[in-house]
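In what follows, structures are represented as structure tokens.
There are two complexes below, and they share chain A, which is joined by chain B in the first and by chain C in the second.
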Partner chain A sequence: MATLQSLDVVERSATTVPTPQARDGVPKLAKLIDVAKCIGCKACQVACSQWNDLSEEVGQNVGVYDNPADLSANTWTLMRFAEQQRADGGLEWLIRKDGCMHCEDPGCLKACPAPGAIVKYANGIVDFISENCIGCGYCIKGCPFDVPRLSERDNKAYKCSLCSDRVAVGLEPACVKTCPTSAIKFGTKDDMLEYGEKRVTQLKERGFQNAGVYDPQGVGGTHVMYVLQHADKPENYVGLPAEPQIASMVGFWKGLSKPWAAALLGLSVLGAFLHYVTHGPNEVDEDHKNGEEV
Partner chain B sequence: MTNHWVDIKNADVVLVMGGNAAECHPCGFKWVTEAIEHRNAKLVVVDPRFTRSAAVADYYAPIRVGTDIAFLGGVINYMLTNDKIHHEYVRNFTNATYLVREDFAFDDGIFSGYDADKRSYDRSTWNYQFGSDGYVMVDETMTDPRCVYQLLKGHFSRYTPEVVSGITGTPKEQFLKVAEMIASTATADRVMTILYALGWTQHSTGSQNIRTMAMIQLLLGNIGRAGGGVNALRGHANVQGITDMNLLTASLPGYMRLANDAEQDFQGFLDKRSPKPLRPGQISYWKNFPKFWNSLMKAWYGSVATPENSFCYEWMPKLDKGYDVLHMFERMYQGQMNGFFCQGFNPLAAVSNAKKVGLGLAKLKYLVVIDPLATETSEFWRNAGPYNNVDPKSIQTEVFRLPSSCFAEETGSFTNSGRVANWHLAAGAPPGEAKTDSDIMAGLHMALRRLYEKEGGVLAEAVTSVYWPYGDPTKPSPEELAKEFSGYVVRDVTDAADPTKVLLKGGQQVSGFGQLRDDGSTACGNWLYAGHWSPEGNLMARRDVSDPSGLGYYPNWGVAWPANRRILYNRASADTNGKPWDSSRTGILWNGSRWTGPDVPDMAPTAAPENGVGPFIMQPEGVGRLFALSGMADGPFPEHYEPFESPLAANPLHPDNPAARNSPAARVFKGDMEQFGKADEFPYAATTYRLTEHHHFWTKHSHANAVVQPEQFIEIGEDLAQEKGIANGDMVKVRSNRGEVTAKAVVTKRMRKLTVEGKPVHHVGIPIHWGFTGVARNGYLANALTPFVGDASAQTPEFKAFLVDLERV
Partner chain C sequence: MKMNRRQFFKIGAAGVSSSGLAMLGFSPREALAEARAFKLARTTETRSTCPYCSVSCGVIMYSLGSGAKNVKGSIIHIEGDPDNPVNRGTLCPKGAGLLDMVKSPNRLKHPEYRAPGSDKWQRITWDEAFERIARLMKDDRDQNFVQSNDKGQVVNRWLSTGFLASSASSNESGYLTHKVIRTLGMVAMDTQARI
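After this line comes the complex of A and B, so read on.
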């Protein structure tokens, strides 16, 4: 959903043309999801579907409160519920709002072979430009959080845009706007980190010794962060990876091998050209021609 | 709510019990998160299930369904034995010092005055001792064995932690932890709020559940204070409004109790509702009842209502028996009703024992359903397979469906749980032929009126004389209706001392109930709302967000009843000298000559503290009642009784008295007693409840809601699932003695086995939202399972505690 201006694009998939550099000082933005304040009401899910005009099918109950059961092309955010038995016999019901983390170093963008199908804006939002999407699904492989989903209807990949259209005109994302307990906050990344640390201090005072802000550095930090009661065990929050990283193949392809591959490709072309100059075009002799015609 | 939504942020301890604020009131719950973040408040949740409220709580304790009085009675005992009460408050602001009649008694679970045949009490012994001056006798030392304090102490001394744990299944140390957190607010500098809802009301002991909590809050000195109170969270944006206006069958707008058959004499009727003070110098504000009543009659009958005809008292219905919802459907089931108007109500889904309700509806000649949606009730005759297995051919009831607008398509007022009325504008026009409820009612009235005018009939003039001054008689505007319930001056009111001096000009709006008169010179459709549309205009439409005190009163945001008072009983926020208990949370204070402060004083403005006018001005004593003289049908003190369907064969407090197993004063209709299931056949304790994703039975018609919670399910704990061989996501059949539900099983750690009287008790949780209309997947009506018995005082059905069996299918 291209709603910020092209001037805001700082990274573009499968493109070697330099991105515009005219704009300076665009503040990095972030959404902070305070799991300790979240009551799992799913208002954010509904707000997301309504703002983005996404209509999911009425599904089934599969023995849990998570509905729809998974992210999809029409479900860009989802509450995931985890029951955790505490060592003292008590129970915790950890409820995490799942969706795109908007990585500073986005694996999806790196993996994407379609020019301009994934962009990163100066404010940190990673957006899918759906008209350019070729439906290869590489972004899914490239995502360390297993977020993008392919649509069966149009074979394009979809995910949370952080409401880039709202943000572009100075509004907060729809989920932030609707959250009744202010468990989702939005602002500059610096402000969110500062507020997050304040909440962490409070949680530690209330007995959560391992509280912390989830802003994984393996992907360069994220523009969607969590305040976790147990930052030492992110995996307790239904599959939140402890140390997310861009898949090694994607890293290899885009990081190390791509220039070499490009060089190799260039060398082959050069070789072919030299062959033409030195030996002329390969000619097919008459016998072969005749043979083919038999 | 005695307090209001925003005020929750002022609490030090937030108790959520008998409700599930985070799931059922997520928007209001923001004030709990504010209290936690900004006041370091502690959130305590007591519930049979580990709910989404518990998920963000500091402390959670499980409890068996239907045992809240045992738990709370245990808290009272803990507070009294550990001296954790607010002494100055209790001595001065409650009836702890009052002496009770010598013949009041409590014997093995039964209070004095019980008539077993009628299942009701003669409450005459539940009274004070009176001195020769006509006032109640008191003992300031609270040592007299007949004083309320000593009786209270004796009554609850049986509720030891061991007994409480045995009944409730709450592990003893967890009970004690909660008791300790509650009791920590007995000091003047700490306050607790309690948020409850249908988890307390929907029991055969519902009113007493709430009353026990009110007693705790009185003992802690938390009533009337910012961050305190007893707070009912209402289920819909305007449920408070409809209750204030006329929801209850035994009262008229503003909680004015309707006359009963014996009250044919108008003056006697008024006198009984305007009690004289029971202690010297008290206000006894209900003494103004005749002003409110006569003004109501003027609003309804205009110039026809005069002092000479007792303001049309003759035309007012006099109750011969109950007309509550259970009574209504009992009568329908008995074939004693011809027609039924069903407005904004889906009884087939919402009333207990759906089968009985359906059979009742089938005996009607006609049914009129006024609703924006195609409800189950409007299609009770339709065979929906297992979800509504009826034979349409055998049902002759004629059903009329009158499509109404929904709230967003109407202009008018909303009154929220905190009694704050807000004016709102229609966001769009209702679709198709849908009309607003007021247009439908006005159309019906005009049609009936014409028929009565033409054909006459029994008491025709009670209908043909109704004052109907609206510009378009078939379409009273919201503004016209609001001005009517807010009240106006009928004719000039002059000063008694100087008749030439006009105090109130005829035709103007009144500015408050203080201006209402009993002589017919004022009219007011609801005294509590008097002045909401004042001479200054529509106060409900005010949108001023200034909050000078920072305590969240927002005095010019909308308007609260009564008199824009945001916290009821706020006189009790200050000590006997009028100094706030906690100056950081001032409600009102005495400045030497009058009461002032951020809130509107709940006290005569110039009543000096030394005069000892009590803070509870609606009571003839002026103090809060730890011992209830009236109002409660089942006892002046709360007592634990088992739900009518309980896993226990006897009440552990009264093992040898079968009459005290269940509430002795709860009404049971003939035939329903036999329908109560027994634990040998139905071994599991069940409860019904709501989920965040849905609102009652409406939102299953909304696609977005259906997506986030699509299909009916029940919840069971892991140990019960293992015992019954049920895996997560299996289909299970849940049966009670009245019906069954087949649904998906959610197997969860959040429901756990409790040990009750030494034996294991499992719970089965049953969300209510599904049915056979709407866009969510069809499901069974949860109320196929629930029993047809109500609270002894309020008759609210016992949806929250019953017995089931279940098996995998």
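After this line comes the complex of A and C, so read on.
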């Protein structure tokens, strides 16, 4: 997409005017996180903070390996560790790299009331344009994966940008590049789906009968996908929703009611104008001219 | 603020129409031409080797400025070297955070010496350090060098000193280290790769 980022914006928050787009050959991109290959080393977390010039305060141990304990305005990706008991009694350690999923139908963008604060590029990346952010936090409510976080310092929302600046010049995201076990892959969405299917076949051969690719259709598919050993139980991976959906209230207000309200508003303005043209301004009696009480 | 009914209606109408226009998408904000600039676009790239463990991953250090006379360069970013066959661009969490080591106030930047029995480190120059190492090696070698064994065979062994080599060396510097150490007759040689 070269560096003509503004010309490859396909969706902008709180904007009904369609974005002009001359190029339609921009490939859809995706990141594939292979949970079965991840060793939980957190190199992706470090690479992310280094690239984006973020540094988290040194916190407290909360009794689990998650460090820091949660996503924040300074932690855009986080390894979440889950211990699960297998059917045969053994333990299983499931490690999920949490962060923005870059939905094809982004709930954050839909919920956002600030024009241009959230954009979706033609390649599928959903990016927060902080200059336009008003810090209302609606994106947090709109997100089916609970990803964006408000910064306490500047009151703007932050999340993973899928390194849109790197991708714009033809590089891979920082987390992808650093991953020592190749658990994070990056490429076109088609290639990643194909690779994911290959991995699923391998996992099934190794006895993970329910292995699968996590690409939830409830949000139109995502540009960050997972290969899960147990795709039938995504909630085992520390709160990964089985069927993520944009919250019904966000869908109602921003999806259903907004065009109707806009039409109503437009019609009433038009009606007022026509009324003015046909009837003219309301003449005031001489007695009431100075705003006196009747 | 004091206003009559008529003024109130006017203000209300203006508010509704302006917010209505914004809601209909006629917002004045233009999209930014480049929302995020690529921060390494004009940096200087320098190849190096990660100093942490014995795997010795290749890294690229990106430094500020063009190298012009009036610029003091400074490393602003480090990431894996995709052309290095050891790691092909990947780095572990320690390696990925190398910049923090480079910028650390606790980083060792010059030779230090702790005298026997002392509890303090004192800063010495590189010349003093090399001088002292060479002096001690020479004294020890002169004293303990074994030229021949019991049967009178020439062995040229120096058994009382060992050498710990770097695992981050290239093939060439590893070859040279080996040559120098063996030429002196030293037998005990190891690298950090064994740790």
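In the analysis below, the second predicted complex is superposed on the first by the 262 of 294 C-alpha atoms of A that agree within 3 Å, B and C clash if a C-alpha of one lies under 4 Å from a C-alpha of the other, contacts with A are read in each partner's own complex, and residues count from 1 in each chain.
FYI, a residue touches a chain if its C-beta (ideal position, glycine included) is under 8 Å from a C-beta of that chain, and two chains touch if they have at least 3 such contacts.
Predicted model only: the values in this text are computed from it and were never measured.
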item	value
Side-by-side fit of chain B and chain C on chain A, or clash	clash
Partner chain in contact with A:Lys177 - chain B first, chain C second, else both or neither	second
First, second, both or neither for A:Arg206, with chain B first and chain C second	first
First (chain B), second (chain C), both or neither touched by A:Asp88	neither
Partner chain in contact with A:Val46 - chain B first, chain C second, else both or neither	both
Touched partner set for A:Ala168, first chain B, second chain C, both or neither	second
First (chain B), second (chain C), both or neither touched by A:Glu152	neither
Touching partner for A:Asn67 - first (chain B), second (chain C), both, neither	first
Partner chain(s) touched by A:Lys37 [first = chain B, second = chain C, both, neither]	first
Touching partner for A:Asp24 - first (chain B), second (chain C), both, neither	neither
Overlap of chain C and chain B interfaces on chain A (superposed complexes)	41-43, 45-46, 50, 180, 182
Chain C to chain A touching residues, read off their complex	4-6, 13, 16-17, 20, 22-27, 29, 31-39, 41, 77-80, 82, 87, 89-93, 95-97, 99
Touch list for chain A against partner chain C, complex	3-6, 9, 12, 14-17, 19, 41-43, 45-47, 50-51, 115-116, 119, 127, 129, 131-132, 161, 164-166, 168-169, 174, 177-180, 182, 258, 261-262, 265-266, 269, 272, 284, 291
Parts of chain B lying in touch with chain A, wherever the complex brings them together	22-23, 26-27, 29-30, 33, 37, 40, 50, 52-56, 58, 60, 692-693, 703-713, 727-730, 744-750, 775-777
Of chain A, residues touching chain B in the complex	36-43, 45-46, 49-50, 55-65, 67-68, 83, 85, 90-95, 180-183, 199, 202, 205-206
